[in-house]
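Everything below concerns the one structure shown next.
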Amino acid sequence: MTERKRKIVNDPVHGFITIDHPLIFSLISHPFYQRLRRIHQMALANMVYPGAMHTRFHHSMGAYHLMSCALSELRGKGADITEGEEVAAKMAILLHDIGHGPYSHALEHTLVEGVSHEEISQLLIQSLNREMNGALDLTLAIFNDRYPKKFLHQLVSSQLDVDRMDYLSRDSFYTGVSEGVISYDRILKMLVVHNGELMVEEKGIYSIEKFIVARRLMYWQVYLHKTVLSAENMLVQILLRAKALASRGIELFASPALRYFLYRHVGREEFVRDEECLRQFCLLDDYDIMGAIKVWGRHEDKVLSLLCTWLANRELFKVTLSNEPFDAGLLAEWKGKVREKWGLTDEEADYLVFTDTASLKAYDVMDEKINILFKDGTVRDISSIDNALVSHTLARPIKKFYICHPKI
Amino acid sequence: MTERKRKIVNDPVHGFITIDHPLIFSLISHPFYQRLRRIHQMALANMVYPGAMHTRFHHSMGAYHLMSCALSELRGKGADITEGEEVAAKMAILLHDIGHGPYSHALEHTLVEGVSHEEISQLLIQSLNREMNGALDLTLAIFNDRYPKKFLHQLVSSQLDVDRMDYLSRDSFYTGVSEGVISYDRILKMLVVHNGELMVEEKGIYSIEKFIVARRLMYWQVYLHKTVLSAENMLVQILLRAKALASRGIELFASPALRYFLYRHVGREEFVRDEECLRQFCLLDDYDIMGAIKVWGRHEDKVLSLLCTWLANRELFKVTLSNEPFDAGLLAEWKGKVREKWGLTDEEADYLVFTDTASLKAYDVMDEKINILFKDGTVRDISSIDNALVSHTLARPIKKFYICHPKI
Amino acid sequence: MTERKRKIVNDPVHGFITIDHPLIFSLISHPFYQRLRRIHQMALANMVYPGAMHTRFHHSMGAYHLMSCALSELRGKGADITEGEEVAAKMAILLHDIGHGPYSHALEHTLVEGVSHEEISQLLIQSLNREMNGALDLTLAIFNDRYPKKFLHQLVSSQLDVDRMDYLSRDSFYTGVSEGVISYDRILKMLVVHNGELMVEEKGIYSIEKFIVARRLMYWQVYLHKTVLSAENMLVQILLRAKALASRGIELFASPALRYFLYRHVGREEFVRDEECLRQFCLLDDYDIMGAIKVWGRHEDKVLSLLCTWLANRELFKVTLSNEPFDAGLLAEWKGKVREKWGLTDEEADYLVFTDTASLKAYDVMDEKINILFKDGTVRDISSIDNALVSHTLARPIKKFYICHPKI
Amino acid sequence: MTERKRKIVNDPVHGFITIDHPLIFSLISHPFYQRLRRIHQMALANMVYPGAMHTRFHHSMGAYHLMSCALSELRGKGADITEGEEVAAKMAILLHDIGHGPYSHALEHTLVEGVSHEEISQLLIQSLNREMNGALDLTLAIFNDRYPKKFLHQLVSSQLDVDRMDYLSRDSFYTGVSEGVISYDRILKMLVVHNGELMVEEKGIYSIEKFIVARRLMYWQVYLHKTVLSAENMLVQILLRAKALASRGIELFASPALRYFLYRHVGREEFVRDEECLRQFCLLDDYDIMGAIKVWGRHEDKVLSLLCTWLANRELFKVTLSNEPFDAGLLAEWKGKVREKWGLTDEEADYLVFTDTASLKAYDVMDEKINILFKDGTVRDISSIDNALVSHTLARPIKKFYICHPKI
C-alpha cells in the first residue's frame, strides 16, 4: 500500500476529523479558506453566549466530517458513489460558506449592497476552479444542483443537509444551550437514497421531529435572542453611519480592505466585473471590522462614537418584541428623548432608534421537503404522516416586530 | 424578600453561571473587564486546535463559578466565610487575569519590556479600586496574600487554585483534547480548610493525581505542541521586526493603541509613572495585533511581509525538538539557505531561523504544595505519601530545545 | 458547627447526590427501600437496549436529587419552604415508587389482581409511618395533595414533576437513546411558585416544549418499542399460565414469597386486611420472578416451558402494530399454525397468540396543566400560548393495536 | 449488492454498535451468550455505585465494537487483515468472558474449586466450536495465541487489549466515576502494527499514560473500594457456609443448577470429564445466587441467615485497610465480641471475622509490554522512554491487608 498523507484534527463536537485526500488538503490550505478562521460563525452572539466564539472555518470542517459519515453510511446501504463524487461532494460542503464576509448578515446590507453571500460563494468557487484547472467542475455541478445524482446536492443543501446538522450541533455546543443539541449520528444512520433522492427511513421519524423542534428552539432562544438582535442591529447602524460619513469624505481609521468598501459603492455589478473587488473582499474579516469599531469609539462624529463605544463595552440597545407593528408615536417619543439627551438632529437620531422585523419558519412545507421512506416502499413528507408533529404548527411562518433604542 | 438582580450565563463547560451581587455586576460591566472578550485565552493554539477560540473573559467567568462552588462547599463543611469575604474572593478571581495583553506571552517580550502581566494586573486592580472607592481593598489583600484566612488566597493562586481547574477544563473542552478534562466537581467536594489552609481530604488523592497527570498531558500535547510553538514564535519575530522598523521611523499600519507601544519604549517605569500608558494598554487586544499583521503582509519590508503572510495563511515554521542544544552549524546552515532563497542579510535571516527552549514542571515540590489531610489528622504533601505517583517523576523539570525555520 | 453525617453518592446522570439528614438516612437504609435495588426500572427493556439495567432504587435517588435542586432554586426565588417541608417533600419523592413490584406492569394484572402500585405505596408509607412514629405525617399530606402549599405536591406528582424529569433523563441515558435526554437543569432554573402553585417562567417555554417532545419520542422509540412490548407480553402470559397451573395444584419451583402469590388469590381486600400480604409483597423482586422463569423452562407443561425458554434466550414473539383492530381471521390463522406446530389445545394456544392495544398521550390537556407565568403576570397553559407546539397534536391520544405470536 | 442483515444496538458508552455478519448473529443468539445478560459485570459494586448494573453481555458487545474500530483503523494504515481474520477476532473478543460465572471471583473459590473462568471459557468455546462445525477454529487459534499474526491476539488479550479499554470506559461510565473515563477513540487512532505486533505511535504516549493512571485510579477508588470488598467478602462467606451446610446434608432453598454445585464437589476434573457439569454451569447466573440468598435470610442456621439478611439489606461489614498484616490479637478480640453477641461457636465466628489481602499492579513490566513505535523506527516499552511516568512507581505491586467484621 502506498501511504497517503493523513491528518487528524481534534473537534470537540465530532471527536476527530480525518483529512486524507490531496485535493482536500490544497483546498483547506488556500488563503481563501484560511480566511474563515478569522470569521466567527455566530457574529455577535458571544455578547449573550460567551462560548459562541467558533469560526466558519471550524463549522465547514465539521460539515465536511458529517458529509464523510453520510457518504460512508449511504454506500454501506448500497448507494453507488464513486471516489470522484465523494471528493467533489466533500469539497462542495467545505466551500458552501466561502463567500461569507465578516458579520455576514450585517455586512450584506451595508458595505456591499445587493450581493448575497451565495453569489460571492459562486464567484469564489469559479475563481478557485480556474486556479485549480477545473478540479472543481464536479463540485460546482453538485453545488448548483446540476448533477444527476440529486442526493449529493441534497446533502449539501436541503432541509436535511449536513450544513444544518453541523451548525445546529456546533452552535448548541458552543453556546451551552444543550437543548439544541441534535443526535446527528442517529439521523445519519437513518439516511437512505431512494430513486436518486435523499430520504429518511421510517424509524427515523422521531429523530427528524426532534431535529426540527431543536431548530425552532435555537431560533427563538439563540439566533433571535433579543440581545443578539440588539448587538447585530447596532453593528448595522455603525456600518451605515461610517459609510455615510465616508461618502461625505470624512476620514475614518480603516484597514486598506475595509477602506476599499467604505469609500466606494460596491454592488453585484462591481463584483462580477472587477476581479480586484473579489480580491479585496477576501482580505476582509472580523479583525478589520471590530478593529475599526474600537478606534471609531473616539471619532468626533457623535453618533459613530456613541454606537462604537457602546458596542465595544457591551452597553446594548434595549429591544422590545411584539406581534404587532409598533405605533409611530412610540418611535417618535423615543427619538425625541434621544435627540434631547445627546443633542442630535432628527437624521442622527434615526441611527439610535428604529424598528424592524424578524421571522422564522421551522419547517418549510413549500420548500425542499423531508421525505420519509416507509417499509412498504411508500414515500411521504414528514408533515403529512399520521400523527405528525410538524404539520400544523411549525410550518407556519412567524413574524415578530421589534423596536431598538438606547437604555436611558 | 427584596428581589435582587440575578443573571444566568450559559457555559458549555460548567452549565450555568449565576451572577447575583451588585459589585460583581459593576466589575463585569467595566470596560477593563469587557476588553477580555477580545483576547483569546490560548493565543494561537487555534492554528492546531480550531476549537480553541475561547476568551480570557470566559475563562475568568468560569474560574469565578468554581470559586462560588468551592466557597459554598467549604462553608458546608464548617469553614467560617463572611459574605464580604465571599464577594472579595470572587472579585479577586475575576480580576486575576485582568493584566493580560493580547497574545500575552508574545507581547511581554516585545511591545512591553520587562513588565509582567501580574504587575499590570496589580496596577489595574489598584486603579479600579480608586474608581470604586476602596471596594476592592479586601480583594487586594486576598490577591496579594496579605489576608489572615490564607485559604482564600490559595483558592485564587496555588497549585490547586480554581484558575488552573478552570483553564485545564476549559482548554481541554475547547481543543477537543478530552483526555485533559479534569473532574473539578469531585476535587471541589474533596477540598477542606485545616489550620486556615486549603487541603484535600484523603479520599481525594487519586483525583489530585489525575489532575496533575492531566496537566502534564495538556502541556506536552497542547501548550507545547510544536505547531503552537511555531506560530507563537513567529508572532514574537513579527512584533520584534515591527518594533525595529518603527524605531527606524518606518511607517506601519497600526491602531492608535498599537502605535503607542510600537513607536516608543515602554517598560515597567513608564507603566508606574504614566497613567496614559495603562490607559493605552487597556485599549489593546487581539484585534489590534492580528488586524495589523494582516495589513503588514503587504509591507515593503521583506522580513515583515513574509512573516505576516505566512502567519495569516498558516504556513508555519518547521519546529524540531531535542533534549540537547542544537549545534551552531545546523543553525548556520539554515540561515544560509534562508538568506539565499529570499535574498536577506544576516541580521534579517535571524528573524526566520532561531532556537529557544521550552520547559515544564507538572508539579513543583519547592513551590506551594498540595496538602492532603488524612483521616487521622496528619497532613502530608501529595508527593510524599505512600505509593505516590507524582514524587519521582513529575516534579522533575523537563527542558526541551527547539529550532525554528521556514519549510523550504 | 456540629458536624452532621453527610454522604455523597456517584450518579452518572446527575453527578453527585448528597444525603445529609438523619431521617433520609434511615429511610434509605430500610429494607423496604433497599428492595428497590433489585427491581429494574425499565423491566425487560434491556432486551432491546442492553444498557437499561438501572433500578428503581437509583431512579428514586435521582428524583430525590432533583427535588433538592428544585427546592433550593425556588427558595432562592423567595418561595417560603421550611426545613420540615423540605425533608418531607424529599421523603415523599423517595417513596413515590415504593409500592412497585417486580416487572410492575406485568405483575399488576397477574400475581396481584386489581391492586395498583399506587395503592400499595400508600399502604407501605402508612406502615413505615407507624414504624417511624409519625415522622412521615407531613410526607403523607404532601403525597396525597392534602397540604396547602400545593406546589410541593406538584413537584412530586404532576405533568412537570421531578419523577418524570428523572426517569426521562435516566432512561435516555441508560438506553443510549440520546435524543430523549432533557435539560432538567435549565427547566429547574425556570421553575417558580405563583399563587402557591408550581409554574414555569416565560423564557422556559421552549425547554418545556422540548421536554414534552422528548417524552413523546421516548414513548414511541423505547417504552412502546415492539420488541419491548413483545417481551413484556410474554412475561404476562408466563405469569398467567403459572397461576393457572398453580390453581390446579400443579407444583412449580418458586421462592417462598413468589409461592405466596402464585398459590392463592390476592386482591385489594387481602392487602388491606392482612399485614402478612404486604410483608410478603416486600420480599418479592426481579430475582424471584426471573429465577423461577429460568427453572420453569424445563417444566413439563409445554406452554410454560416454551414461553420461559424463549424469554430467557431472547427468542421473542413477533409483534405487528396497526392503527386498526386486527381481523379475527388473522388471529385464528396464527392460532391454527401454533396449535399444529406444537400440538396444543385451543386454550393453550391463547397464551401464544393474542392481541392488545397500547396508547399514549404526550401531553394531557384535561389533566394537571403546565402553567406558564408571563412577565406581565398572566398565567396560561402551555397548550394555549401563541404559536404553541403542543396544542394541536400532542394532546391527542394515540392508540395502536398489536398482535403477538411466535416467529414460525 | 445483496442486502445483508444488519442490526444496530444502542450503547450509551460507544454510541451505536453494528452487527452485520451471520456468524456473529448466531453467536450472540446462542443461550450461552444470552446468559451473560444475567451476570452483572461488576458483581456487587452497585452496593456503593448504584449505577453499576451493567452486564457481561453489554461489556463484551462493547469490546466487540472496539475490536471493529481497531481493525478498521489498522487496515486503514495498511495492515493486512482478511475478512476471515476479522470475523474470527471479533468472535474471540465476544467470547473472551463466556466462562464467567455469577459473581465470578466469589464463585471461583467456593462453588467451583480450582477452576478459573479462563479454563471454563476454553471448554465452552470448544463446545461451541463442535456445535458450529469448526467455525471457531481460527477464533480459538487467535484466542490461544497460536496464530502467526500476533497482533490479533494482542487486541484480545494484552496490556492494551480492547477488553480493558471497554471495561475501564464502561465501569467508569456506569459508576459515575468520571475520572476513570479513558479516551479510547484517540488510543485506537494511535494503534499500529509493526513486525506483526501491536504498538502505539509515538504521539500516543500521553494517552497511554493516562490510560494506565486511569486504571490505577479505578482500582483504588472502585474495584478495591472498602465497601465493595466488604460485600464481596460477605458473599464468599455465604457461599462457603452454604456449601458447608450442604455437605452436612442440611436442606437449602436452591434452583436446580445451584443445587448441582452446592451438593457435590466440582473441580477441574469434573468439568473436563463430565459434559453435564458444563451444561449445569451454563444455567447458573446472578438470579440463582441472589435469589437463594434472599430466601436463606430466613434459614435456621444463624450464621447463614445473619450474613444473608445483612447482604440483602446492605448492612455490610466494616473493612479496615492497612499496609501491614493485622495483629492476631485484634482478630481474636473481634471474634470474641461476635461470639458473645450472637452466641456463636469459634468455627461459626470465623465466617463473620476474617482478614485477607488485596493487591494491584497498574502496569506490569514483566508481563506483556506496551510498545511505543517512534518516528525513527525504534521501539521501546512505555516504562523505559525518556521522562516516563509509569516506570518508577506504577509497576511496583501494591499489597494491602484488610480485616472484616460486623459493625457492632
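Brief remarks follow.
Letters A, B, C and D mark the chains as written, and numbering starts fresh at 1 in each.
Please note the rule applied: a contact is a pair of C-beta atoms (placed from the backbone, for glycine too) under 8 Å apart; a residue touches a chain by one contact, two chains touch by 3 or more.
Just so we're clear, the structure is a prediction, and the values are computed from it rather than from any experiment.
Simply put, of A-D and B-D, more C-beta pairs touch at B-D.
Seen from the Cα centre of chain A, the chain whose own Cα centre is farthest off is D.
Centre-to-centre separation of chain A and chain D, using mean CA positions: 50 Å. Look at where the CA atoms of chain A average out and do the same for chain B: the two points lie 32 Å apart. Chain B and chain D have CA centres that are 44 Å apart.
Residues of chain A in contact with at least two other chains: 15, 178, 186. Partner chain C is touched in their complex by these residues of chain B: 1, 3, 8, 15-16, 78, 185-186, 189. Listing the residues of chain C that touch chain D in their complex gives 9-13, 15, 29, 31, 34, 37-38, 40, 46, 49-51, 53-55, 57-58, 61, 173-178, 253, 255-256, 283, 285-288, 290-291, 294-295, 298, 312-315. Of all residues in chain A, those touching chain C in their complex are 178-179, 182-183, 186, 206-207, 209-210, 213-214, 216-217, 220-221, 323, 386-389, 391-394, 396, 398.
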